[in-house]
Amino acid sequence: MADGNKKAAAERSWRITGALILDPFTGREGQGTVWVEAGRVVERPSGAFPEETVEASGLWLIPRLTDIHVHFRSPGQEWKEDLRSGSMAAAAGGFTVVATMPNTDPVVDIPALVAWQRLEAERLGLVRVWPIGAISVGLQGKALADLWAMQEAGAVGFSDDGRPVADSRLMRAALSYSRSLTGPIIQHAEDPGLFAGASMHEGSVSHRMGIPGAPAEAESVMVWRDVQLAALTGGRLHIAHLSAPGSLEALAWAKRRGLQVTAEATPHHLLLTDEAVAEWGYDAVTKVNPPLRPAAMREALVEAVREGLVEVIASDHAPHHADEKGRPYTEAPFGISGLETSLGAVLTALVHGGLLSPLEAMRRMTAFPHRLLGQAYPGLVPGAPADLTLVDPFHEWTVDPGRFYSKGKNTPLAGARLRGRAVATMVDGCWVMREGEVIDPCADN
Amino acid sequence: MVNQAAIMDQDAIRRALMRIAHEVVEKNRGVGGLVLVGIRRRGVPLARRIAENLAQIEGTEPPVGSLDIGLYRDDVGRRPWTPVAASQIPVSVEGKVVVLVDDVLYTGRTVRAALDAITEWGRPAAIQLAVLIDRGHRELPIRADYVGKNVPTARREEVLVQLREVDGLDQVVLVKPEGSDQVEEKR
Amino acid sequence: MEDFLGIAELGTKTLQDLLDTAESMAEVLTRRVKKVPTLRGRSVANVFFEPSTRTRNAFELAAKYLSADVVNFTGGGSSLEKGETVWDTVRTLEALGVDAVVVRHRTSGVPEAMARQLDIPVINAGDGEHEHPTQALLDLLTVRQRFGHIAGLTVAIVGDVLHSRVARSDLYGFSALGARVILAGPPSLVPEDLAEPPVRVTWSLEEALAEADVIQVLRIQRERQQEGYIPSLQEYRARWGITRERLAQAKPHALILHPGPQNRGVEIDSDVVDGSQSAILRQVQNGVAVRMAVLYRLLGGEPE
């Protein structure tokens, strides 16, 4: 990383004191001081650089907050989001690393586009952007893309997200090939026939509102197929935005067999139910795929995250333009802008709800995401890149999408009261967000 | 607190309706070709009673219809919504003499609406108007052919006609709001 | 009442008022001169994003009989077909200064969303698979005229209930006025969880017919076979089509309704449509009266 602020950071020394350090990478949990110098965690400052102290009493200090499922829409759909606005949203939400989905226009299915996303993000100097490459050429579900070449260019995983890999033969090939790769095959699990025409979960709310729905099985039949293919191939399968009880059973089955299968849940599926669709009238802010589920399914998902069956929380940040989301419900695109509410939603639903300890909750947004993507990070130990977030866990705030850094203001959490939010984000020893304000390094040049 | 003053009792109403019936017969030289049309709601029972009186006098009872003028008001959309009821006139009014019957004649706007309404049913030879009470304060050039009783009123006052078919008793009362003893305008 | 979006949100009293008013509008329709001056100087926009001759004509006649002026925005070369969005249309209507909007859209919830943006009354003329409230009103009126009451009757709604906005509105309307509702049809189109008790779901037409005083026959779309909901239309007819023989198993006084247009020989046979138990033409007549009642109810009171 280059440019003004980064250079300045390289010649600075920070002493962060008073915070409760929650380091899921090392298991460290306790009050302490963290020294940062020249972009890295150090044991003691060398004295060569000017020192500054950050008083962080009452805050949590968490390394490497990671969101492995975001859509930054670039290249090609910059009216929805771009690498800069997406990175700013990530920094504002407390994330130091994001993994971007490849369903852009053109699709990220060649090494050059992976490399371009990496370089562009580095030039911006905000957060780390880890591209995910397409599984199939053009997301067409027909031929495998050059997965290894994309990995060499910096791809951390592979997905046709937005669409499922419907062809079982192709999915088998992808999973099989993944044995020679470091990243997983990430499946958007959806049976195209069962989901056809649906805009929400099929149930009493969809029946009442007259909105075409799809059953939870539209997801879980695909998860069952995929875990069987994972068993057949020994490949690394990750289930994106898991939401259905049947999917949980498939996941449990896979884990009992010792398969390399993981899954993620989104904050909106952990927090909201399909009743939100009714509460929002026919406003498409609640339209998301997989759809918001009934209360019993939400509770089952929360329990799965609590016990660690589902080990990762990811936002599925899917920003859209207001004109697109303002269309009639069945015509509007799926997706929720989630980066700037994710941490608050998780703390509200899981930690303040008493379901998970702070360290365990943060593990699902730090160490577990790294492990499943095959990415190493040692934790807050000397020599580690200084990527960390200060969190005020008790700060109560009201979600106001008008203040989002993301171009996508589409969220059914608008107006919701959340408890807990990031107050500062540091990447490579450089503050990219403080007190809610993103510090744009390029603007300082 | 309101003051009520009785204007007509049961007998007075009966006598007034009988007198109106006689006047109708006299003016129209009998009841042939007459149709009585009551304006809903209280005009309808009054029309029936006049028709019964006419039957007593002339031996034949003229047909009686009911007219709801809700769809013809000139203040639709300016006051709270009111349900409308179906109008019913059992015979054609074409070429007939229609006697409109209402309880109180006041601004004349109801009668204006009734005139519009009745012409939708055909072209009568003539339309006459019978009212139990004329309380003045006309806002339109309309007058009654038959009046049970003229009652000078102030605009703030209210004339309340109660009929046994609707209200369970026959009487007419003048309702004065508190502190409105003096009649501020008379016409 | 500021808008007319669905039967579900109406109280029993409002429903009764509307039916009473519709009754007097029906009287106006029997006159030689079928016109009253009530809404003179008011204008109503018919905005039909989805084609519909019957409903649009009924609304247009209803407005004209009440002396309102009517402007039609419909498909077929209009701006609606040229990709104009719902919200552009909303702004156009505002600028034109119309007094009420009648809207039909293939997507559920569009009338509700429009009503949020417009100060003038919005009338739902059918939205997606959600509601078709004026259809329910005319069904209620037709049944009330025949039986004199609705409470205590058993109403069977037969066919593609899952995709039917008519079924939803009827379900709410008949239930609100005290009728018992039975939903009948193939399991794929009448899933068990479609309604909560006391509404009953049955896949046996015979069972529904045996108890019904009123049989609302829904239109079955040809596409449902391709979509995998039913086998062929022949098989549908064989199991759930209303034929004269089937009708003979129903109560002799059972009244046949159909929202139209009918697929004769599929969900209903010609001799049933045209038979003595059919109230289908009466429904069409009442269609104008109930829409007059709704227009009068929304535009005939002072704005709040």
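Per-chain numbering from 1; labels A, B and C assigned in written order.
Everything below uses one rule, namely that contacts are C-beta pairs under 8 Å (C-beta built on N, C-alpha and C of every residue); 3 or more make two chains touch, one makes a residue touch a chain.
Keep in mind that this is a model prediction, so the values were computed, not measured.
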By Cα-centroid distance to the whole-protein Cα centroid, the innermost chain is C
Farthest chain from chain C by C-alpha centroid distance is chain A
Per the C-alpha means, the centres of chain B and chain C lie apart by a whole-Å value of 40
Between chain A and chain C, the Cα-mean centres are separated in Å by 46
Expressed in whole Å, how far the mean CA point of chain A lies from that of chain B is 78
The residues of chain C that touch chain A in their complex are 8, 85-87, 105-110, 112-113, 116, 127-131, 162, 165, 168, 193-196, 227-228
Counting only contacts in the complex, chain A reaches chain C at residues 193, 196, 203-204, 207-212, 281-283, 323, 326-331
Seen from chain B, its contact residues with chain C in the complex are 68, 70-73, 76-88, 116-117, 120-122
Given the complex, residues on chain C that touch chain B span 1, 17, 20-21, 23-28, 31-33, 35-39, 42, 66, 296-297, 299-303
